[in-house]
Every structure is written in structure tokens, then in C-alpha cells.
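The chains carry the letters A, B, C and D, assigned in the order they are written, with residues numbered from 1 in each.
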């Protein structure tokens, strides 16, 4: 079977699952719903794996396969900036290349595991079928996003995942907080989409096409022909516009605010959408647009700085959060910052590598936390946990692996990818030592808060409610098996990209090379460093991580947890961190309430002034009408009535005759007859 | 033999009585009856002359007059009924809408 | 002499009845006296050799029109009107006018009385087998056929008109 | 069949009136019969309009087709002249589709004066179709005015609490615009013989006599003095802008919508508003190219202000129907923005967006109507958690919300994105400013959805609400299908409008396509990637 030409089926299978579950799922037993939901994704995974394997067999330069289904739309002629005519036409097409193959494997693979997990986790829920329908719709959108052959196809998925995120965050729609969070997520994402759509339009008017490959070629040709130059404001503009989109979807400063709130959704959703796949869409998009970003080093610098700052910012908030899912959410934001740091310094492959490893261990951590929450009867506050190690051993062990991986302990996936990013941030021409330093600090903080989570949850003395304590139990197999698979992935996935200094080949980077081929731009020469130096740097970052772990060990393992001591140890910083630097309040004050005020103000303006003008002119007309009515009545009609009145008055003698009595008239008639007879008798003589 | 002018005097008397009735009575029924009287007076005249001139035309005209009288009586009484329904009165003076 | 006697008897009854017709308070009485007048006039017709007309007078006037009057009186008669003032305010002027009228009429006839005497025929109206009815019929259906038909239409219209006027109004209208 | 084919526009236009004539003779007590008959007439009207779509020659979509031309008032040069091109094709089809749905939606909602109600709706249908098919300016004006009357009565008789105020406001406001429109028409009418005398090409094609022929006026547009064009454009602008409605002229819309019965709102939003934009497209742009150019800055500014303003005001509305009404102002701002970007992308998108707006906003009004029928209130604060009791309704509402805020694969996206693309080609800042409308659109629609559908079902009045019944599903189903059709495969729609649009662009900007490669619809300017392999 030629899977390469069937890649368009990959997003389609989940659609089938969505339709079946959405339309008749209510009447199906839960087991069937689960099988349909997970099965559709499994089939997609099989097709993805087949397609990727066949792609891998092609020579490296031919690893780009486009399947064009039909022309989606053709909105007519347009003038490009170069004065050329082009047609704004968009194909419904799918593109499989090394980048999208990594993405579809991550999405379908981890997606499948999370579907399986959900059959266990969501088993008690009434809206089971609805949940799986949404999940499948999400899978469709996400796969369209990463498989689309042009920017608008990507945009379909981009908006589609936004919708699914909206639906899934709002899954517990009876909770107001869930509804608020869902709306917040969608609207904040929309702000990003605003930028993204402007970027896409700019791409079209610049190159006359929005096909990824065609745009890439156009950039190369333009560069070769000298019609494009590096740091052209146009490219900076496009790159920044696209990056605005990325900050929205991937929760970077300043648009990260929706992601922590998105934890209102069910935990598998947090794992799938808000950790492993959807939030990495921004990373994917920037990586996909690498040819544009390479043309705009200034924009790359912005990406790197934003990424590093986001990493630091989110990590610092994560230090003091008490909700187990919120810690992970801020961790996600922070790790995404890492990825953008990598992209910003030109290490696209490193960014994507971290995207992949992060997908494994963060999905694992979320699912593990879900397992904990499941065991604790929907208690998410870590202050009410503790000493769960022996009660839910599988969850504990897998989560420990995930924690070690994210902390960057050598031998696990996180180490390879994170170290790659830090090294590139230091060594790449676009990199800077300050960026590296930020990255290292964040690494230490990450290790600290993740171990804080681990210790607070599984060690120490139990702070669990007595009612809950008796019921704590390990989760069913449908939940633990995905955990174990993901734990294995969190270890193994790193070995795809063993760096050169460890004697590896960095296979992952090679695989992506056709996509991230550097443009022929003259830039600062790459400073060569010895492998030993690189190893030293890696050791340094590991040392920092270990220091973070030790600190957490001192604070949360050796001494039993006391909220007051924790608050005291941060001093004045604690309320700031606990309240997330008051950013939500700031945004509310600066934007949300201002927009609402503007709405109210304009509404009043509309009612009073605009409509007032209308009504005013109406009442003016009425006043005028009254005036002319007066004129008409007293002057114009007055003359008429005067004439009438005059005649009436003057006619009184005649009126006397007109009595209205029939017999009067008859009498007069008789008199007339008399006169006629009299005249006949005597008058004629 | 009775001279024709006797009949004419009789007719004149009846006619004048009819006129007096029409002009003075307030009861609409009697007004109508008075009109019948006047018609009869005219008929007497017609037939007297018919007899006088030895021509049958006068009698034929009398028949037409009787026809008209019948029609007039029918319509007139219809009006009386309609008027009575509307105004609950027989008084001709109350039908004075012609006065403005 | 018989004719003279008939004339005076019927003439007197007719005039007296007519005066009573217009002076009665009660409409029913007026109607009865009207019948008297009409019958007397029928007698006058007989005296004038108009037998057919006399018959018609009795049948149509007394049998038809008068009965109609009586029906209407029965339908709507209001006792109240009996006790009201019977004559209107112009009765004096009306009487004077009427007096002048009769004066003029009498004067006219009186002036021409000689012509009437001369014209008096010695023989019956028409000789031969044809009677009065036949002569009237001949006239009506030959020379006066068209007016006769028009008169019939007039009657029809009058009937319809009377029905419409007197018809009881239904709920829907 | 030939007869039918040649007279199809007339038949489609006057079929509803024929139905009204029969309707008049039905017993007014027999409400079931009246309902069935009126719905049958409307549905049959849609069915007989379908051949237009299939017989339409898409290859020559810029040519007027199904033309019928009969002298009418010969002294004035007035003709009964009808015909459609690709633009009017879409609008006629939209009208015949929305009409039956509007009728169907009032099956249970209207119970008093049924006969008159359906008669007015059907007459309205004739008026609207007539507006879109008229090729004689006089005829157009007649239909344009005729259609006001049934709408006036629909709002004034079957409306809400302030129906008289709304109806009179609607009527007078629109009439005010119409008068200026009439002045503009007359100016063109009297200018024509003079122009024809000077321009032989004009005289050769359309004669030198007075005429109301729209095509003649369009041809005259190239020669008309710019000063005159400016004034006529101003007159047309007021007439059409009130109808659209554009920003400062929009206040009749919320009132009319709120007070109108559901079917009235659907027709009002779905079709009536399009008459204004259609007027711009058919008359202002081709007849007055110079005037158009002079007014572009004003039009763009008003459009963008309308987009943002409408969205902001919509956000804070406590009344659902008013919210949707203000969202109409915002969406119609997109339509006019695309139109006055004056390039093929913008205009194409503008027309597609007109259809989209008819579908999505029509459906939203149907949805609001359904909930109003159940609860007799439209206060958003009265609702919450409706998803619990009305799941099907929630799904339909969600789809239409998404369609309205421009989710890809649904119709709204195609229109909005193409318009923004056109606006961006005119000026980057237009697109950026208008793009904020998309963000705000998401905000107010989702906020509405959240407040009504999500949350706890704490209002006892809402706890026993019934989900959508079969009739209601049938009412919205065609709109959902259309939303997906346009979202997934809008090619036929773009194909219908592209050539007429290019014609308009060429008229206003004759140098637009100069030096351009051959422009054939369907032939990719850039080779498709997949075919190469």
C-alpha cells in the first residue's frame, strides 16, 4: 500500500470517529464509544507510521510529498507587492516531509495513548461520547494543522484546535470557571490568530502563493536573484506577525494567560492539548516558516528573547503553585519558552526535538497527575496530598521517571533535548550568553518545582482528608498502561538525537535537515568549540538541575510541608508569584474591562447620539410639522374657514326657510301651484 | 243628468281636503292617506272627462294613476316602517335631516 | 235622476269621509273613513259609466292599498301618537292656502261650466257589443301597451323597494 | 419548457404573488390550510428557482442571462427588463432559499392574522427577487419601494412591544434614503441622451432616447463628468448605506430586528441588507467609477469603524437579538470594506460574505427565535446552562456561532479571509484594523454562547425547555448544509462572481490588470505542487 499518497486519510479517520460518536454515540455503550474513538486514532497512527517509513526510504532531498485533494477555493486575481499578478487560490492539500512526519507521529502516537487513558479516566462521566467526539475532532484539526500543505490548511487546523480546546476546556460546562476559561482561551488565541492571518496574507501578497514549499522556493529564488534581502522590513513584519500567532497558540508572553486557566478541562485534555500537541503548534509553525524567520534575524532575536523570558517567567510562577495541574501548566509554558528560545537562536531542529521529548514526558506527567487526581477523588491541591508513594505505586514510578526527564537528568529524554537547546543558545551565531544563562537558571528552577511536586505528592506525611484516604486506589489498567508506555518514551525518545560529543550522530537533526536547510545568507561564522567544552557546559547545566533537586529535597522531603514556612521563605515575592505577577488583573484592567467599557460607552453613544440624531431629526420634523400644522390650521385653513363662516353668517335669512320639515316644503310647493294657476287664470291677460 | 262640472267640483273638494291633510297632519300615515285622497280626486277628474268626451283614454290613464298610487303606497309604507324602526316615531316633523 | 241621486249621495259621503280622514286622532279610524271615501269614489265611477274602473277601484284601493295601510298600522301603531298634537304649526297658513286653492279650482270650473253642459252626451259611451271593460282592455293592450309594461316594471321596482326598506336587518349586516 | 426557460426570472419573481392570490380566497378560519398553502408556495418557489442555477452559464457569468425585455411605459423609456449575472444569481438563490425557511420558522410562532402575515411575507419575497433581477432602473426602484410595505406591516403588526416605533423608523429611514436614490436615478436618466449624443459607441448600443436601462448607464459610467458622478454617488451612497446599513446610518437596524417577528428578522438580515450592498455593486461602482474613487477613503473608514463599533456595541447588549443585530453591522462592515478595497479578492470576498451573512445571521435569528418562542424573553441574563436541556439546539447554535466568527471549513472564514486579503492589498492597516473585528467577533459570540448555553441550569423556567423539534431542525438544516458547503467547497460561488467582479474592477480601475498574465478562472497562476509529482 502506498501510504504516501494516502496521507489525506490520516486526518480523516478521526473525522469518522467524530461523526459516529457525535451523532449516535449517545446510544452506544461506553466501551464501543471508546473503541471507536481510540481506534480511529490508532488507524491514523498506523497510516502515519506507514507513510513515514515510506518517506524515510526516499533519498533525503526527495522527502517532501504533497497530496492535493482539490482546489479549496480560488478568490480571483490579486496583485503582489512585486507588481505581479497572481491568483489567490488555495488547495486542499497535504504535505508530508520530515517535519510533519515527526509531528504526526507525536500527535497520533501520544494521542492514541491519551485516548486509551481517557477510556479509563472519563468512565464515570455522562458525556463520555461527547468527550470522545471532541477528542477525535481535535485529532482531525491537529493532524490537518501539521499535515496541511499551505498556510491556510494549517490555519484550518489552527482554528480547529482552538475550537476543540474551547469545547474541551468547557467540557464541564456547568462550572462557570470552565466556561470562562474556555472563552478566555479562544479569545486570547484569536488575538494571536489576528497576527497569524495578517502574516499569511502578507506572505501571499509577497510571494503570490501560500504553499509552504512554493514560498520556500520563492524565498530562495528571490534571495538568489537579489530581489529579497535579509532584514527586509517585509520579512520582519511577516515573521513578527506569524510569531504573534505563535505566542497565542503556544502560550508565550504576553498571550500565555489562557493556558493555566485551561486546566479547568479534564486532565487527559490537558495532557493532549495543553501539553503535548496543540500548544506546540506555534513551535511547529515557526519551524515550518524557518525560511522567513531566517530572512529576519531581528524577528528571530525577538523570538529568542520572548522564549527565554517566558521560560523564566512561567517557571518562577510554577515555584509556588499548589494545584498539581497548575504547576504542570506553568511548566509547560516554561518548556515552550525553551522551544522558542531554540527557534530564536536558529536551532530549529533542537526546538522540534525538545517539542517531541517534551510531548512524551509532559503528557506522562499530566496523565500521572490525572491518575493521582483520579485516586484522590478529584482533589487537585497538593497541600492535601502526601505519602501517596506506596498507595499508587505505578503512578508514582512513572511520574518519577517523567520528573527526572524534565529535570534534565542525563540518560533521559529531557537531558538530550534541553542540553541541545542550551548549547545552541550559547554557541549559535544568533545566540547569546545571557540567553544561555537564562536557560540554565530555568533548568534549575524546573528541577526544583518538579521535585517539589513529586515530594509534596508522594512523600512526607499524609495530609489527605480522612474520608478520601480509605478510597485511594491505583488506577485501572487502561490508565496505567499508557503511563508506562509514555514513561518508556520519556527515556527512549532522547536517544534519537544523541549529540556528537557523546559519540552519537544526532540522527534527529539529520532527519530534519531537508526542511531546515539554512538559506545562503552570509552570517557570523559559527565559533567552533571542542566536544570537551560542550560536555563541560552540559555538566554545568546538570549541576544546576541537581542543585535545584537538592534544594527541593531539603525543603520538601527533609522537613515536612508547612504552608507558613513556605510562604515565609519567599518573603515579599510570594504573593506576587502566587498571584502570577497579577497579569490577569492587569489584562482585565488594561484590556478586558476597557473593551467592555468601550462597548458600554459606544452603546450609550449609539443610543444617545447616533440614534439620538435620528430621533432628534424625527422630533425636529414633528416640531416642524406642528408648526406647519399651526400655519395650516390658523392661516391657510383660517382663510378658508373665514370664507365659509362669512357665507354661513350671511346666509341666515335663507336658512330660515330651510326648516327641514317636509310639510313646509309641500306648503311652499302648493303656494307655487297657486301662483301658477293664478297666473294662468289672470296673469296672461 | 249630472253636468260634468259637478264631478269637477267634487274632485276639487276632495283634492283640497287631501292637500289640507298633507300640509297639516303630523302623522305620516294620515299624510299618506291624504295623498291617496288627492289621487282619487284626480281619477274622478279623468273619468269625468272620459265620460264627457266619450273617450276611453281617460279611464286608461286612471288605471295608470292607480298603478302609481299602489306603487307609491308600497314604497311609502316601506319608508314608514324603516323610519319607525330607526326613530320609533310616526311624526313627520322628526324627519328633518334635510335641515343643515 | 238616479244618476243625480247617486252623485249626491256618493259625493256627500266621499267629502264627509275625506274630511273625517284628515281630522281623526286615531289612525285606524282615519283608515276606515278612507275606505268610505274610496268606496264612494267607486260609486261615482259607476255613475260615470266606468264600470271597470269602479271594480278596479274597489279591488285595488280598498282591497289592496287600504289593507296594506291597515297592516302597517297594526305593525307599528303607537298609541302615544294618538294623544299627541295632531296638526303641525303651519296649519293656519295651510288652511288659508287650501282655501285659496279650492277657490281657484272652483273658479276655474265655474267659469267653464257651460262648456261641460254642452258636451253632455245623450248616448252611451260606445255603441255596439263592446262593453266598458273591453274598451279599456283594447286601449291598454294596443295603444298604451308600452306604458302599461312600464307601469308593470314600476310596480315590480316598487315591490322590491318596499321589501328592501321594510326588511328586518339581520345580525350580519 | 422553452417558455419556462425564457421566462424563468419573471416566473420565479411573481410566483409568490400568484400564491398570495389563491391565499386570499382561503377561509381565514382554516389556519392549517393557510399554513400549508403558504409554505407550499414558498417551497415551490425555491424549487422552481433551482433551474436558474443549473441553466446558468457559468462560463459567461459576467453577461446578463435569462433576459426578458418588454416595453412598459414607453413615453418615459421604462421597460420591464430583467436578467441576472453571477452576482445576482447568488443573491436570487439566497432569497429563494431563505424565504421558505423564514415561512417555516413562523409555523407555530404566528397565530393571529395568519392570512395577512403569509401574504405579506410572500409579497416581500417577490419584491426582493425583483430587486435582484431588475435591469431597468425604474423597475428596480419600484421593487425597492414595494418591498418596504410588507416589511413595514410585518414589523408593525406582528412585532414586539415597540413595534410601531420600529416599523415607522424603519420605513421613514429607508424611504429617506430612497428619495435621494431616486434623485440620483433621475440625474442619470436626464444625463443619458446628452452623453449618448456625444459618444457614438453609447448611442450605437443603447440608442439616444431617454432610458432607464442599467446596462446603458453602466456603459455611460466611463464618460460621465467626474463632478456629476460625485454628486450622484453621494445620493446613491445615502440610499444604499442606510440599507446596508453602514456606520452612522445603522440605528434603525437593532430596533427593527428586535421588534420584528423571527421570520422578519431572518429576511431583514438575510436579504434586505444585501440590497444595499447589491446596489453599490450593481449601480454605484460601475456607473460612477470616478465618484467611487473619490469616496473610497470615506467608505473604507466607515466600514472599519462599523466593524469595530458594531462588535464593541454588540458585546455589551443584554438582548440576544440586539446582539445579533449589531453583529450584522459589524459583518456588513466587512462586506463594504471588501467592496471598496476595489480589487478582485476584496470584491469576491465581499459577495461571498453577503451570502455567508445571509446564512449565518439568518440562522442565528432563527435560533434566537426558537428560544424566544419557548421562553418569551431574549434577555441573556435569563438563560444559562441551556445545553443541559437542549443538546441538539446547543450543537446547532455552536455551529452557527463558529460560522459567524469565521472558523475555517465553515462559510464565514472564506468570506472574511478573502475580504481581509483584498483589504490588505489596498492597505496593510485596513487589514490590521479590520482584523480586530474578528477578535472582537469571537469575544462577543462566545460570550453569548457561554452565558446562554454553559453554566448551571439555575433558572427554573429553563429547566423544562424542550429540545428542537423536527420542523425546527428542518428549518436550520439547509443553512447548516450551506455553511459547510461554502466552507468546504466554495468554488462554484467564486466562479459565479469572479467574472462580473473583474468587470467591475476594470470599470473602476481600468489599469488594474495591465501587464498581467492571462487571467483565466480555474487555470492556476502558480503550478499546483501536487500535480508536478
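Here, contacts are C-beta pairs under 8 Å (C-beta built on N, C-alpha and C of every residue); 3 or more make two chains touch, one makes a residue touch a chain.
No experiment lies behind these values; they were computed from the predicted model shown.
S.K.: Applying the document's contact definition, name the chain pair with more C-beta pairs in contact, A-B or B-C.
M.R.: Spelling it out, more C-beta pairs touch across B-C than across the other pair.
S.K.: Could you give the separation in Å between the centres of chain A and chain B, each centre being the mean of its C-alpha atoms?
M.R.: 106
S.K.: Centroid from C-alpha atoms only, then distance chain B to chain C, rounded to Å. What do you get?
M.R.: For chain B versus chain C, the centre distance works out to 6 Å.
S.K.: If you average the Cα atoms of chain A and of chain D to get two centres, how far apart are those centres in Å?
M.R.: 33
S.K.: So, what's the distance in Å between the C-alpha centres of chain D and chain C?
M.R.: Taking the average C-alpha coordinate of chain C and of chain D, the gap between them is 82 Å.
S.K.: Would you mind listing the residues of chain A that make contact with two or more other chains?
M.R.: 661, 663, 667, 670
S.K.: In chain C, what residues contact two or more other chains?
M.R.: In chain C, 88, 90, 94, 97-98, 101, 105 touch at least two other chains.
S.K.: Find every residue in chain D that makes contact with two or more other chains and list them.
M.R.: As it turns out, chain D has no residue touching two or more other chains.
S.K.: Judged by the touch rule stated earlier, which pairs of chains are there in contact?
M.R.: Pairs flagged as touching, ordered by label: A-B, A-C, A-D, B-C.
S.K.: Note which residues of chain C are touching chain B in the complex, please.
M.R.: 3-4, 7, 11, 14-15, 18-19, 21-22, 24, 27, 30-31, 34, 37-38, 41, 44-45, 47-50, 52-53, 56-57, 60-61, 64-65, 68-69, 72-73, 75-76, 78, 81, 84-88, 90-91, 94-95, 97-98, 101-102, 105-106, 109-110, 112-113, 116-117, 119-121, 125-126, 132, 135-136, 138-140, 144, 147-148, 151, 154-155, 157-159, 161-166, 169
S.K.: What residues of chain A sit close enough to touch chain C in their complex?
M.R.: 661, 663-664, 667, 670-671, 673-674, 677-678, 681
S.K.: Could you list, by residue number, the parts of chain A that touch chain B in their complex?
M.R.: Where chain A meets chain B, its residues are 655, 658-663, 666-667, 670.
S.K.: Under the touch definition given earlier, write down the residues of chain C that touch chain A in their complex.
M.R.: So the residues of chain C in touch with chain A come to 88, 90, 93-94, 97-98, 100-101, 104-105, 107-108.
S.K.: Under the definition above, what is the set of chain B residues touching chain C in their complex?
M.R.: 1-10, 12-21, 23-27, 29-30, 32-34, 36-37, 40, 43-44, 47-48, 50-54, 56-57, 59-60, 62-64, 66-75, 77-82, 84-85, 88-91, 93
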